[in-house]
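For reference, the structure I am asking about is given below.
All chains are identified by letter, namely A, B, C, D, E and F, in their written order; residue positions are counted from 1 within each chain.
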Amino acid sequence: MSEREAQHEPRSPNGRRSGVRTILVVGPHPDDAELGIGGTILTLAAAGHTVHLLDMTNGEPTPKGSLERRAKESARAAEILGVASRTTLDLPNRYVMDTIEARTKVAEAIRKIKPDLMLVPYWVDAHPDHVATSHICDAARFQAKLTKTDMAGEPWYPAKILYYHCSHLRIAFPASLIVDVSAQWGRKIDAAKSYASQFDVDGEYPVIDLITRYAAYFGALICAEYGEPLLSREPIGVTDIRDII
Amino acid sequence: MSEREAQHEPRSPNGRRSGVRTILVVGPHPDDAELGIGGTILTLAAAGHTVHLLDMTNGEPTPKGSLERRAKESARAAEILGVASRTTLDLPNRYVMDTIEARTKVAEAIRKIKPDLMLVPYWVDAHPDHVATSHICDAARFQAKLTKTDMAGEPWYPAKILYYHCSHLRIAFPASLIVDVSAQWGRKIDAAKSYASQFDVDGEYPVIDLITRYAAYFGALICAEYGEPLLSREPIGVTDIRDII
Amino acid sequence: MSEREAQHEPRSPNGRRSGVRTILVVGPHPDDAELGIGGTILTLAAAGHTVHLLDMTNGEPTPKGSLERRAKESARAAEILGVASRTTLDLPNRYVMDTIEARTKVAEAIRKIKPDLMLVPYWVDAHPDHVATSHICDAARFQAKLTKTDMAGEPWYPAKILYYHCSHLRIAFPASLIVDVSAQWGRKIDAAKSYASQFDVDGEYPVIDLITRYAAYFGALICAEYGEPLLSREPIGVTDIRDII
Amino acid sequence: MSEREAQHEPRSPNGRRSGVRTILVVGPHPDDAELGIGGTILTLAAAGHTVHLLDMTNGEPTPKGSLERRAKESARAAEILGVASRTTLDLPNRYVMDTIEARTKVAEAIRKIKPDLMLVPYWVDAHPDHVATSHICDAARFQAKLTKTDMAGEPWYPAKILYYHCSHLRIAFPASLIVDVSAQWGRKIDAAKSYASQFDVDGEYPVIDLITRYAAYFGALICAEYGEPLLSREPIGVTDIRDII
Amino acid sequence: MSEREAQHEPRSPNGRRSGVRTILVVGPHPDDAELGIGGTILTLAAAGHTVHLLDMTNGEPTPKGSLERRAKESARAAEILGVASRTTLDLPNRYVMDTIEARTKVAEAIRKIKPDLMLVPYWVDAHPDHVATSHICDAARFQAKLTKTDMAGEPWYPAKILYYHCSHLRIAFPASLIVDVSAQWGRKIDAAKSYASQFDVDGEYPVIDLITRYAAYFGALICAEYGEPLLSREPIGVTDIRDII
Amino acid sequence: MSEREAQHEPRSPNGRRSGVRTILVVGPHPDDAELGIGGTILTLAAAGHTVHLLDMTNGEPTPKGSLERRAKESARAAEILGVASRTTLDLPNRYVMDTIEARTKVAEAIRKIKPDLMLVPYWVDAHPDHVATSHICDAARFQAKLTKTDMAGEPWYPAKILYYHCSHLRIAFPASLIVDVSAQWGRKIDAAKSYASQFDVDGEYPVIDLITRYAAYFGALICAEYGEPLLSREPIGVTDIRDII
């Protein structure tokens, strides 16, 4: 065991209870965060938190996409989501692997953004890029706090990491929490529809039908119109019940 | 399926988001709620919520207790916890069974107190009174919303029910949430120590050592000094992440 | 252990592989089976199986129901579902308890109908009648095969029992199987809407919105329009993969 | 919470580490303990422990049994198993229910036998007598330690309770431990075959084929010839690894 | 998220309900598929489906094997199983790693064979080649549907993937389904015995004793002579109950 | 499947029942084994077993450590623990990856030490070196039994592998067993405190407070002062109940 102390230092200068947090959302490709937790991003931004987006790859090639088109779509989506920044790493689409190099890129982003909370893909998924992204984020969260390295930035340890469901695998997602995103659902769909190159099938958006079903179900479980589930491996601590439905 | 509509009416006049809630804590015997979630009761009361206590039995006979002594102890504990009311039902200590009669007593208490949230014992326990109390509370929560009955009071459906760990069975409790009770731990111990007839063994309080170990562990899992775990069968919904550690 | 042999005799004269089965669906109140597995009932009936319905109670009183109205509604629903028979036991609505008497009533129905498969409510539920029905059915399935009793009928042991989700508790139902009910969804909704006394809220049917969300989600998990989940405690055996989506 | 102290007194005079223990095995009917953990009983007896058997009912009527025949069979089986005593309670076969009266009968047996360990049926089972027996034993274990009662005997709290698999329900039993019973398998089968009235089907013993398959599987999981699984709800503590395969 | 549409196109030209399917079984080494699901392969082939075998490595070196001998054994086993083809990739025995190169080899096999269903090793195993094969297959299933690549063949997405138990790790396998392989057990053993270089220990076949115990147990759980368990991460959908035991 | 026979040969010359075992404890960095299972090491050594320690890396750099200082600390800790040997591999601290090369180093250590039991880190952890170490150990355990290789030493297969909790991730550890380490707790803390470069924060040892809370909790679950949990993926077999608390 090394690097122990870092973990015991104050983890988030914002403080745990003061309120406003910095959140880093990691998506394998531009559009994954939108589909998986676009409503959560909007809900947290509306509550005053600062949300940053990090894409592992530019997402291309795809059947109908191009680098230029995808970049425009993802910029438009970021605007709708109201995020503070969107960064795209240069990892290879379709071939993201859990390497030291990939971890270091994410760790440096963490040291720059200094998030209190990371929202990253669930490690069980049909798409290998999603699986790798999940593992890379776990490792990078730890690596970001190292001292005596040649990584850019100062040591930082995000206090919490939660996993979201990317919709490729049709599993019953094991939710620890469900975020009520009813008030933001319309904007989430707008953000998702920015990716016409990915989702528009002759004017239909089958994947948006799919995520709407998911959200209507998880919403029903918390007596809300729409909900997005999150998984935590560490237990969820609370200081009050005010925000719990 | 009957009594459907009632469930779809606004469930808590206080509203889900306005903030202040009414909470009903049910204990099999006077002292169980104190040991299990005394810190949670104090934390919620300190946050401005209204907490009511309901004991299923007077808890006697016990080796060193008496009706008068136990009643005084439980009144003292209620005072320390700062609860709005404490009611003791006349169910038979040691022989609490899940009957219509027992359910009706709890349902009538629910209709009177009109809680938004119920905190009740976990259904896996070594003490049969605890197991029965858990089942009675589940049934009474539903029964309380019935119309066309001769129960006292108006229909009411507590929006949420959570289960707490009574410390008899040495299981690894499956926490959905852990409440940070660090700031209230001292008062919780005071409340528990009110029950000298139950816990004082020649000046030692072995059960208090036990629950302190539990709370120090669950606290550690959320980076807090002390924590008390709660279990939900329905997923936990959130509207913000502010209260989540 | 008693009554062993009975269990080892041929359990279903129809045979396991010949095809056509007799199915007994048990609902606590008239409308529960419709909401929970109306689509499954219709799908199985359309596939040539014989389905019988057994209600534990007449479901009354309810806020807007009456004995006559409910009976008419449930007869209409049975007609839409195309079941071979619908029987209503005289257990007390709201106060169904797991007693020998209740078990015997269900066991005698089993001995009369001789089902290969029972579909009964899941034992985790907010409504105590549903919980009790689940336990009664488990016990009655066994009791039905007893010899040397004064129960009506001949010994019978339903080869399989599966549990369905009644929609009161907002749990993530632990599905072992999901039945593709897409082709029958419209008729299921018709059957559910027969119960205007239960579900019609000023022309709206909130509970139907709820079950539609559930079915759209479980359908999505199997790449179908609508799905209804079933739980088995015993592993699911298959002889081919033809019917598995 | 009542009766606390009793739980904190030395629980087993034999001591936890000295070695020899007293074990109480509870079976719903004469033959259940034999089928479920006959090998474990023999293995523990061979290791020098004292094992007592308690049947909840006499097991009759059954298709081919009679009171006399069954009593003779169970006496013969007890002899083969080498148990210190076998007691049969007078609860009604087929209709065992979890009542105060039933709990008291078992609690009084516990106060008389003073076991360190109880082995009782798993609470998930097809036979309602088995389910009830499991719940009765949980409650009786606690009730046995009460003071100020009119129960016979002195307070006693069995330090540990483990659950065994009765073979009616074809579930994948969730084993916490598997006992290597290879050396005693032959005698176990002899004990089971004592119950010709129950298991002999024209000279064949189908249930013995079934339990042999189970034991061969659980044995394989621990690299032994035959094994019998046990479930604990409380974690398993060890002081050495010598006895762990 | 990329490559979305492909997933929403018709996934299997054979159609989901017409009946006959194409199945790809992947084994780490020649003999793993035989031991793990030889009975399932035979049962599916007997039902008219087309089964293809893909081995990741030639399986050599082993203590008593040679390249020539193993190849002959595996050809003989394929003949007994009645598979449509058997292909052996040139990945290094003992050192199979989850690399892009390995994924591409399997993805190209998928694009050639166009299976509706993949049967692959469970990812929890003692043998690192098995663990890696499981991960490679998950990734390759996705990679096979990519467009704009230089992989051989046309895009293809197998509609379903199920995991089977290789017998190295003595875990209680978490079965979603159990296939009744009773009618094919003899032939399965013949196929396994083809590998005398692997399993013959002085005329004894200890591993065949082991898998027979497993199959007799899983068979017992579905009231069949022999059964082989399969795990699905996505829920199992059904359109009828005819094929469910 | 290859290398089958080796698995079926006698796995531990010491024999499973004779008593004394050889145990190999693997830690990612010097100090992890001490924190995670220092008490277990001491307890097993005190019971007469032979314990060897293997560190994957030298653990440096760290904020306040140096190669010389860390080496001295780990030698001192080994002395306190009373282990038979301590070996440090030259894998890169912070960047341990699951490669053939790393597996081979551990496999050769296994072939040299010939352990009956391996105690290795749990695969769910915040530190990527811990995750990698867990996977490397699983693979190396298998690789160590290979014949026809150029690895040093003779084939060996450790009969059992158990996983311990490194304290970085604040998960509720899924214990299969808890070792009563009460008698050795003081020495364990001494061993941990050897690592002043890692744990001393101005004279305080926050990580020791953390692991003490864990141990007090897991101890409470088995009615002991202190306990350390272990996880097994294969079921736990027992031949007696003498060592089970």
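By definition in this document, a residue touches a chain if its C-beta (ideal position, glycine included) is under 8 Å from a C-beta of that chain, and two chains touch if they have at least 3 such contacts.
Since this is a predicted model, take the numbers as computed values, not measurements.
K.L.:
Mind listing the chains that sit against chain A and also against chain D?
P.N.:
For chain A paired with chain D, the chains in contact with each are B, C, E, F, in label order.
K.L.:
For chain A superposed on chain E via Cα atoms, how large is the rotation, as a multiple of 5°?
P.N.:
The two chains, chain A and chain E, differ by a rotation of 120 degrees.
K.L.:
Counting residue numbers used by both copies over all numbers at the interface, does the chain D-chain F contact come out same (over half shared) or different (under half)?
P.N.:
Here the answer is same, because the shared fraction of interface numbers exceeds one half.
K.L.:
Farthest from chain C in C-alpha centre terms, which chain would that be?
P.N.:
So the farthest one, by centre of C-alpha atoms, is F.
K.L.:
Using mean C-alpha positions as chain centres, tell me how far chain A is from chain B in Å, no decimals.
P.N.:
Inter-chain centre distance comes to 36 Å.
K.L.:
List the centre-to-centre spacing of chain A and chain C in whole Å, with centres computed as mean CA coordinates.
P.N.:
41
K.L.:
With chain centres taken as the means of their Cα atoms, state the distance from chain B to chain E in Å.
P.N.:
Roughly 52 Å, centre to centre.
K.L.:
Tell me, which residues of chain D touch at least two other chains?
P.N.:
Touching at least two other chains: 170-172, 175, 221-223, 234-235.
K.L.:
Name the touching chain pairs, would you?
P.N.:
A-B, A-C, A-E, A-F, B-C, B-D, B-F, C-D, C-E, D-E, D-F, E-F
K.L.:
Please give the residue numbers of chain C that touch chain D in the complex, ascending.
P.N.:
Listed in rising order, the residues of chain C that touch chain D are 1-8, 100, 103, 138-139, 141-143, 146-149, 233-235.
K.L.:
Any idea which chain E residues touch chain D in the complex?
P.N.:
Residues 170-172, 174-175, 210, 213-214, 216-217, 219-223 of chain E touch chain D in their complex.
K.L.:
Which residues of chain A touch chain B in their complex?
P.N.:
Within the complex, chain A touches chain B at residues 11, 16, 19, 21, 43-44, 47, 49, 117, 159-160, 175-180, 218, 221-224, 227, 229, 234-245.
K.L.:
For a test of understanding, state which residues of chain D touch chain C in their complex under the given definition.
P.N.:
28-29, 31-32, 35, 59-65, 93-95, 97, 124, 126-128, 131, 166-172, 198-199, 201, 206-207
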